[in-house]
Structures are given as C-alpha cells and as structure tokens.
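The following blocks contain the structures, represented as structure tokens.
Below, chain A partners chain B and then partners chain C, in two separate complexes.
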Partner chain A sequence: MKRKSIYSYWMLLPCLAIFGIFFMLPAVMGVGFSFLNIRNVDFSTATFAGIGNYKNVLTDSGMNIAIKNSFIFAFVTTVLKVTLGLLLAVLLNNKLKTTNFMRTVFFLPAVLSSVAVGLIFTAMMHPTNGIINVALRAAGLPMLAQNWLTDPKLAIFSVAFVEVWKWTGFTMVILLAGLQSIPEHYYEAARIDGATGWQKFRYVTFPLIMPAFTNALVVNLIGGLKAFDVVQTVTGGGPGTATEVFGTLVYKSFGSGRYGEGCAASIILCVVILIVVLPVYRFLTGKEVEM
Partner chain B sequence: MKLKRVMSLLVTAVMICSLAACGSGKEAAPAEKEEAAAPAPAETPAQEEESGGEEVKTLTMLTFTEWYTDGWAALDKYINENADELGFKLDIQKIAGGSQGEEVVKARFATGDLPDIMQSYGAKWIDTQVNALDKMVDMESLPSESEYDPATMEEGGYRYNGKLYGMPIGTTSLLGVFYNKDVFEEAGVTEVPKDWQGFLDTCEKIKAAGKVPLYYSGKDAWTLQCFNHFGFNKEVFDSGLSYTEFWDEMNTNKRHYADCTQFKEAIERSKEMLDKGYVQETYLSDTYDMAQTALAKGEAAMYINPSNVLDEIANKYPEAMENIGGFALPLYEDSQNYTCLSLPGALGVTTSCKDVEAAKKAIDFISSAKAQQIYADGVAGVYLNKNVTCTLTPALQDLVDLMQNGKSIALWQGAGNNYGYGDFGAMVQDYYVGSKTVDDLLKTMDDETAKNAIAAGDANWNK
Partner chain C sequence: MAKKVTGMAAEIFALICSLFMLVPFYMILINSFKSKEGAALVNLSLPDEWHIVENYTEMFREGGLGLAFRNSVLLTVPSVLVIIFVSSLAGFVLQRRVSKASKRLLMLILMGLFIPGQIIPTYFICYYMHVRTFLAAGLVLIASNLSMGVFLYTGYFKSIPRELDESAMLDGCNGLQLFFHIIFPLLKPITVTLFIITFMGIWNDFGTTIYFLNSSRNFTLTLTIYNFFGVHSSDWNLVFANVIAVSLPVIIVYFMAQKQIMSGMTSGAVKG
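Presenting the complex of A and B:
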C-alpha cells in the first residue's frame, strides 16, 4: 500500500528558496569571489586571480600572529568557559534561596552588547586610571598592576579574560540544562551504594551531561576560533598586530576593499575550524552514554 | 516571593541601564537635540512639502559625525529655520568616521544606497579609492564658485578633470605642534624650538620639570601618523619632483615607501621620543580625547595634530585656548620645517538625487559667503571662501602666520596615493612595541599597496 504523505514536497520550496538565497548563494558566491581580483564589488574591473588571494592570505605578515593568537584565544577561552561554566552549573543546580537570582546574574553578561563590554573593559584596564590597576595599587599590590591591553605578550590573555567573563554564564546555562535532565533516582542509587560527592559527579553527573558538555565545548571552540567582536572592540587587533586573530584579519581584508582576499580568508578560516572541531566533536560524542 | 520580584526588577533595571548607556555616545549637539524634538524628517530623497504655496525640498545628506562641527550645526539650524525662504532643508545622516566610516561610505557607493548630497574627501578620493566617480554629478558651475580661488578649486580637487564635483565645506586644516605656554615657561623654555636638536633640548627641560614633553594618543592609532607627515613632505621635497609627479611614480610602481629615507628617518625620530622617555608611558592606552585634556590642563607640554583638535579643545576647555600656541615640527633645520596644509572636504551631488537642481541650489547656498560665515561663527578657522572673516585662536594664528610666510605646503602623506597602504597607525604601533622594524613597516606599506593595486587589476603591478 502506498504511504501517503501528509504534506506535499512542494511545500518545502519556500524554505529551500530562503535557504538557497540567503545561505547557499552567498556561500557559493564567496567561493567564486575568492578566485577573483575584485575591489569594492566592482565587477567591471574584476579579473581571475587563480589561487593568488589564498597565497596573499597565507603569506600575510600578520598571518603567523593571527594563527598563534586564534589558537591561544580559542584554547584559553574554551577551557576557562567550560570549566567555570561547569562549576557554576553544579553549584547553581542546588536549591538555594538565591539560585534564580544568581543564575540571572551570571547569565547577564551574555546579553550585553559586545561593544559596551569592550568599551567598559578598555576603560577598566587602562594602566593608570583603570579600576583594575587602581584597585591593585590600593590593595598594596602595585607589582601586579600591568599594561593589560598594551603589553604585546599579555594583551591576548586580557582579551580572552573579557570573552570568558562575557560567555561563562551562557556555558553555565547549557550545562545546567544537561544537569536538570538527570533523573533523581540515579543519585539515590549512588547514595545507597555509598558514593561520595566526587564519585557521584565522576560516575553519574559527568557521563550523563556529556551531550551538553560536548555541545558547550564545541560551540565555545568554534566561537574562540572565529572570535572577532570582543577583540575588535577591546584592542582592534592591537597594539599593532599583537592581538590580531583570524576574524580581524578577514575584516581588514574586506576593509581594504579586497573582497576576493576577504572571501579567501573567510574560507580558510572555515576550513581551519572544520579541521579542529570535527575530530574533537567525534571524540567527545564517542564518550557519550545513554541515559 | 517579594524579594524575588524586587531582585528581578533590579536586574532588569541594571540591564536596561547598561544597554541604554551603550546607546548614548557623547551629548548630542544642540541642533541634533532640536531635530529629535522636531517631526521626523522625510525618508524619501528630495521630498517636497507644501509651505505657504512655496515648495520646500528635503534633501538627504551623509557626513561623518566628526565633520558635523559646531559650525555645521549652526548652519544646519539656520537652513532648517529658514527653509521656506531657501526652498530646501537638510536631513543630515551622520555616521562614525575613520576607516570603518570610510568602509560604510564605500559600501553605500557600491550598493547605490546614496543620499542626495555627500560630504566626502573629494572627487579624487571617490575616483581612486571608491571607483565611483560615475555616481557623482558634475555641477558644471555655481554662482558661489566666484568667491573661491580657481587655482585652489583645482588643487583641492573640487574641480576635478575640469568638472565641478564638489564645493569646499569646513576649514582648512594645518598640521602642527600645539604647546602649552605655561608648561614651557615653567620648564624655562623661552622660545619654540627651531630645529631637531632644539626640540630634543626642549623635551629634556620639560621632562626635568616633571611634565610629559610630548603626548602620544596611541589608542587612537591614526593620531600616530601626524609626526611622520613632516618627514614625508621632506621626502617629496628632496625628490626634486612636484607633488603630482612624486605620486605618479608611487602610483605606477616606480617608487616605493621602502626607498623613502626621509620618511623612514621621521618614523625613527618619532620612536626616539619614546626611547628617550619624552612620551608618557601609557601612550598606547591614551586617546585623542585624553590628549586634549592633557594639553589644556598642562599635564603635557606638546601634542602633534591637525588644527581641528583646537576646535575640540575650545569646546571643552575654552579658557585654555589663550594659553596654547602652535609651531611646525622642527624635524630639520629651521629653513626646512613646514606646516602641512590640508584643504577641507567637499560637498557633492550624487546621481541618486532625484532633484539635482535643488541639490545644486542647496550646495550653492552652503558655499556662499553668507552660509560660510554662519559656519565660521561656530568654528573659527581658515576658510576658502574669500569673503569669510573670523578671529583665530592664538595657536591657529601661529600656524596661519607660517602659512602666510610661505612656510606651509599642501602635502599629506595619504592624500595622493591611488591605493591604500594599510593601517599605518597599527604598523607604527607594531614598530613602537618592537614587533616590527622600521624597514618591515615600510615593506608592509609597499605590500599592501601592491595587493590593492593587483586587486584593482593595475597592469603596473602585474608585469
């Protein structure tokens, strides 16, 4: 007997059209542009560039710094956001009087504008007038006062700190959702078996929140590798090129009007993210357990 | 439960305040406040309104926020208050300037999303940097053009390739060293330095007096290029070529930044200031705004910038203006030091304008002595309209005196190139913090130029 579909396939057309026009077409055009010498979307003077744009990106004087910084930024922010997010999620999964309030407070930075956060932290990290150094000096710790955003060796970590401050609460929410999906009787069984708090976390909680953990880690890793907004607003990639990352490099290519090179840089960034994230994702999904 | 509600309200209030704080930049100019109170302006270009039988056209205009000076605000206010008589009013859109603002303008040219009137760097910039001269209207001639020097109209690119693409708007900018007279006096400096050694001696005395000799506002990286303009001018002089010939060679891959020895030396001297401790340690965190305060309040003795900075200081610290003087950076012997002169931007009509005649009439009025005088009453400066008069601040008068004594040149490091050389401010930062040598910096400028030229299909780089 022929199974009758409730809806016809043609009903997919509006979705496909939107997906095609707004996602597929720009992506395909981006690949096409990356092989052109084109300035400011002026097709009349566009010429075929071969792999010239890719060569330009890969030999750019800022590329080495951008690669190094992107990986440092992605690693530091992912580790800290996931670790702190997990810690907060476990703490705020308890029934406290202020649980909901605290959850809101920690999530709040995620809804603030990156520009505002950037401006606030730029002011806070000013070497003489910034509240961080002022507080350190007032506390009798002047040796800890640093040029947070202008020391080329330190600046990328300072920007990473801003990113961690902004997005830890968001990671906490993802992990909290995972924690709340664990049935209470798993813990009851563990209690009956005499498990300690750490053992309950190690053998019950963590394996069961692996899907949420994988999600949080992968989202943060991708976000870290394609970081742009926080870096741009806090340091603009500076001083000089000290905090340049892939995202700011792509922006500068587009900003110079070299659309072909900008597209090539975007595609390289996309490939790098896939190369890094796919093995991590596969490894982590292999560790997930059925509830 | 009650506590929960109070907490929720508190958190919501904090969020709203944080977001609202982001939205509000500096206090709106008086004219902007009035605009906000007035009915919303027409959205469609060149919209007509009936007013006592007379047509009042609303013309859209785009400019950078930084260019919307007190003078512009006064003129805008006058136009809108006298719209019935003038037959037009302006709906001015202001976007943040700098390299990001330029990108917005380029994107709007590329997509055809243009206002009726555009305030820009002029026809050459639109031609060589935006590739969009075909989107600007040749205004042919305007009655007010007779109030301007024809040679300056050509030199400033207002009349470009024989066609009138724009009329000057704003003041001529003069690049100089602005200094606080009290700090000089306290340090025992009795006259402005005339040569490089004199400049170093002055800095040493000021440093010994416990003040910052020279203020760098490196957080706003564009300000770092001001020092080096003087060296670039020397480069052009020493080449024995005219300004146009010099740039023709640069724009055809025959001459390169890496070959510019005077320019290189100026960049090195700008770092020498840092190495000798003549610049404040926090220069990479300090902004253009902070520099104005430091100079006005006497925390720093000197600051190098175009004269527009004086307008900013006059707004914030009017009482300090009498105490600020100006001179040309003495990088070389006395006879070889000049102030650099930059002509004002241009107002032009775009091809998106539905009523070109109305826009031309509006620009003609704005360029007239009457309108320019209203502008000048808001911002004192050097105006190209010959019939405008105004009292200059002492610092600007110092530079104008240099100009009138033949000690100024209309050269500007980034004004003649057909292809961008990248973010010079960031390159200088790299050099200052030791990530690049000065040779790396100059090579990066050449590499960026080459990339842009190749992207534009320039045969001179594709050989």
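Presenting the complex of A and C:
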C-alpha cells in the first residue's frame, strides 16, 4: 500500500476550487481587464486600451494622488503604530497594577468596526464643535485648532490618525507578547554586567523582540497600503480627491463603471505591496537573533 | 523607594494614555442620550434632558437593526465554518505531503496573505456565475480568508506526529475518517484562534460587503451604521445610539473572552 494515498488531493479540492475561482482567477482576469476599456458588465463596448488605463491612473491628477496618499498613509500609520505600540508595550511590561486594565482598554478599538470608529472621529474632528478643537481652544492653543477633515493638505493625516487610534493597541499586544517571551535571567545578566536601562533595551530587549517587531511592521505596512474602511467612512476620499487612496479609487472606479481603470489601480497596488513588503521582510528577518 | 516612585509615575502615565482611548467612548455614549440640539454640540457635558428611551426607540425603528443582525449572523457563521472546514483539510494534505507540487500549491495559497483581492474581476465572476448578495459576499470572504486558515493549520500540523496517522491507517481508517475522527479534534486550539480571527474579520467587514450587499434588505450591522449615517448625518444623537447599539454585542463578547480574542486576533501576526 502506498503511503501517500491517505493524504488524498481530493481533500484539497474544496480549498483549491474556492480559492481558485474567487481569488486566483480574479487576479489573472484583473491583469487582463487592466488593458481593456470596459464600461459594462456584459463587455458589449469593451475595447483594447493598451496601457491607457495605467497611464490614466499614473498621470491623471485626480487618480495619481491615490498613490501618493497610500504611501503617506502607510508610512505615517506604520511608524506611529509601531513606535507608540512599542512605548506602550515597554510601559505595560513593567507589571503595573493597571496592566490588564490598560491592555483591555487599548485593544478595545481593534474589535470595533472601522465604520463605527470612523464616525466617532468624524464627530470629534468637526471644525467648530468637535472636541479636539474645543479642547485645543480651552487649553489656550486656538492656533492649533484646524479644519482636520476639510483642509485638503491636512485631511490624509487626520484619517491616518484615526487608523493609528484604532490599531495601536493591536500592535502593542503583538509587541507585548514578544517582550513577555524574553527570559528574566537575560536582564539579570545585563544588570550584573552594569547595563543601563537604555543599554538593556538596546542590546537585550530590541534584538529579541525583532521577530514580533518585523511582523508588526509588515502587517501594518500591508494594512496601510490596502486601507479602505476608515478612509471611506471618514472622508470618502474627499474633500475633492485630497484623501483618495487605492481602496477608495477602486471603489469609485467601480461605482462610475470605469472598470478597466479600477483594475489597473488594483494591479498597481499589488505590485507596490510586493515591492515594498518583500525587501522589508527579508531585511528585517536577516537581523533577527536566535534566542 | 526610587523604584516605587517610577512605578507610580508609570501607572499615572498609563492611566492618562488610556484617557485617549476612553474619552471617545464616553463622548458617543453621553451624546446618544441627548436631544438632537444637545448632541449637535458633541461635547462631553451631561445632557440637560435625558432622551435615552426616545433616541434608542427611534434609532431601532429607523435603523433596521434586527434584520441587520440576522444578516450579519447569516453571512458570518456559515462563512467561518466553511473556512475552518476547508482550510484544515487543505492544511492537512499540504503539510503531510512532501512533494514539489504540494509545496508550490502551499506557496500559491499563502500569496493570499500579502496580495489584495481583485474586487472588480471578482464582481464580474459572481455576476456571470449568477452568484448574488450573501452567497457572493460569503464566497469572496471565504476565499480571502483561506490563506490565513491554511497558514495557521500547516504551522500547527507540524506539532502533530505522523506516527499518529500511520497507526490510524493500520487500524483501517481512510484519509477522511482519520482526519475527522482523530486529527480534527486535536486542532482545537488553532481552530479557536482561526474562528476568532475570521469571525471578527467578517463580522466587521466593510471592504467586501459594500460591493455585494447593496440594498437595505441585505445590510449587515457594519453597513447599517454607514448607511444610517448617510441618512441621519445631522442627528448625532441617533447616529451615536446606532454606533453604541451595533458595537455593544461585540464589546460584551470582548469583555467575556478578552484573553482569547487578543491572542487569537494577533496570532496571525505573531506566528508570521
């Protein structure tokens, strides 16, 4: 009797069928569609577009802003989530009385729907009544009060802030798990060698949480580039096209029946993710230290 | 002594940080109790007059929450069960088989962890297959979560010895019997993790459902908030009541099982 026979490929079939039809096939078709002008679902007016869709997405000022914004959004949110997450994780790793309470509170936004979170901040960032501006004026800093969501230059950063608020606790929990896996005696050894607090962090903590750190970074970068929910809820890509990102651009193209351009934008996003994420991942995993 | 002072300072600092998280919740809760005019100011003061019952009954009447709750359950539960069933079977075969073909297939499926789904072609495929609304959204969400499922299960199968399979085979089990009677029960910890990740992801999904569930009869809870805000954008009291009512079940479940939910939701990233 052949040994392999019990691990029959038949058991793989449901997975391959669903994944193939609803994930792989669209990926392949997406490449094809991106070179076509398609206005209707029935292809009645479809014509070959060459690289026209890509050209539009990359050069049309209403569309190529999505690329710029997606980079800004991914970069700003990743840096803030990972930095703040790391600070909070180090803080809560000190076995405070309030550690459990804090962890619960900071993680809470991660379980809520992005739409709910987006609406909360739409209210908080209201220029006249929103509590952010009210608090700034009350603190004697009226010059810092801004049109958070209606100033085209500022809006993408405001939306990024909402995303950071929602996911920092999540990042913190990933990093905290990494911190708590470091054996206590490593710190004792460092203490005996006379290491300062910063040296302990730099030479013990940081190298050993590198795996958790890498994952947090990669997950957040991908999440940032793919962003859709929060942006769509808070600004819908506006004012004008000021906060357009890949996700909202695809949604808009879909809504207005510009399917070819939507596919081109989506393919560009794929390529961007692969170009950004793979080298970051390789670079960081090369730096990990074996425990 | 110095250590005690730093400890205290750290506690106080942590508490101040937590205000950044709690104030928004307090704000929506307190404003959901106010009159329309009071809530328009979206401030943190207590209501002059409490409109708890009026606001919540009006919101429930207009928000269609009962139907939306049913829709959310109808979409989420079957999708999660299919993901668990299909990806555990696939993970089993892909981890146990040591061939080039199975390695390549695994790589292909794991690509889904990075690459975003191509939503427009997916919509076309569903259109031509006459797959609509819940079935379409469900299948697309299943497909986009299979990579995570296969990833978690193949990792977990490494800890289950092959000798177990072999002895079961000697007892006369075939592949499916082996899997369901012996292997699947052993997967419970990772199944719970996957259940949490996919349940939260699909329950809160917006990016896929917005393409496929486009009439109010089909809205999930997440979509109702979005739509409710579109209609009642000047009634912050009702909008906040809506956000509270939709979020409350999730928050209650979270408080009951926070350890599992935290480690479950983050484990996709921790094990990556």
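We take it that the second predicted complex is superposed on the first by the 277 of 291 C-alpha atoms of A that agree within 3 Å, B and C clash if a C-alpha of one lies under 4 Å from a C-alpha of the other, contacts with A are read in each partner's own complex, and residues count from 1 in each chain.
Please note the rule applied: a contact is a pair of C-beta atoms (placed from the backbone, for glycine too) under 8 Å apart; a residue touches a chain by one contact, two chains touch by 3 or more.
Just so it is clear, the model here is predicted, and its values are computed rather than measured.
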item	value
First, second, both or neither for A:9, with chain B first and chain C second	second
Contacts of A:256 with chain B and chain C, given as first, second, both or neither	first
First (chain B), second (chain C), both or neither touched by A:79	neither
Which of chain B and chain C A:229 touches, first, second, both or neither	second
Dominant contact partner of chain A by residue count, chain C or chain B	C
First, second, both or neither for A:126, with chain B first and chain C second	both
Touching partner for A:103 - first (chain B), second (chain C), both, neither	second
Which of chain B and chain C A:52 touches, first, second, both or neither	first
Chain B versus chain C as contact partner of A:115, first or second or both or neither	both
Set of chain A residues, in rising order, touched by both chain B and chain C	41, 101, 104-105, 108, 111-113, 115-116, 119, 122, 126, 130, 254, 259
Of all residues in chain B, those that touch chain A in their complex	4, 7-8, 11, 14-15, 18-19, 21-22, 99-100, 103, 106, 109-110, 129-131, 218-219, 221, 281-282, 284-285, 420, 422-423, 426-436, 440, 444, 447-448, 451-452, 454-457
Chain A to chain B touching residues, read off their complex	37-42, 45-47, 49, 52, 56, 61, 65, 100-101, 104-105, 108, 111-113, 115-116, 119, 122, 125-128, 130, 147, 149-150, 152, 236-242, 252, 254-261
Chain A contact footprint on chain C (complex, rising order)	7, 10-11, 13-15, 17-18, 20-25, 27-28, 31, 40-44, 82, 85-87, 89-90, 92-94, 96-97, 105, 108-109, 112, 114-125, 127, 129, 139-140, 142-144, 146-147, 150, 165, 169, 173-176, 178-179, 200, 203-204, 206-207, 210-211, 221-223, 225-226, 229, 236, 239-240, 243, 246-247, 250-251, 254-255, 258, 261-263, 265-266, 268-270, 272
Touch list for chain A against partner chain C, complex	4-9, 11-12, 14-16, 18-19, 21-27, 29-30, 33, 41, 88, 91-92, 94, 96-98, 101-116, 119-124, 126, 129-131, 134, 165, 169-170, 173-174, 177-178, 212, 215-216, 218-219, 222, 226, 228-229, 232-233, 247, 250-251, 253-254, 259, 262-263, 266-267, 269-270, 273-274, 277
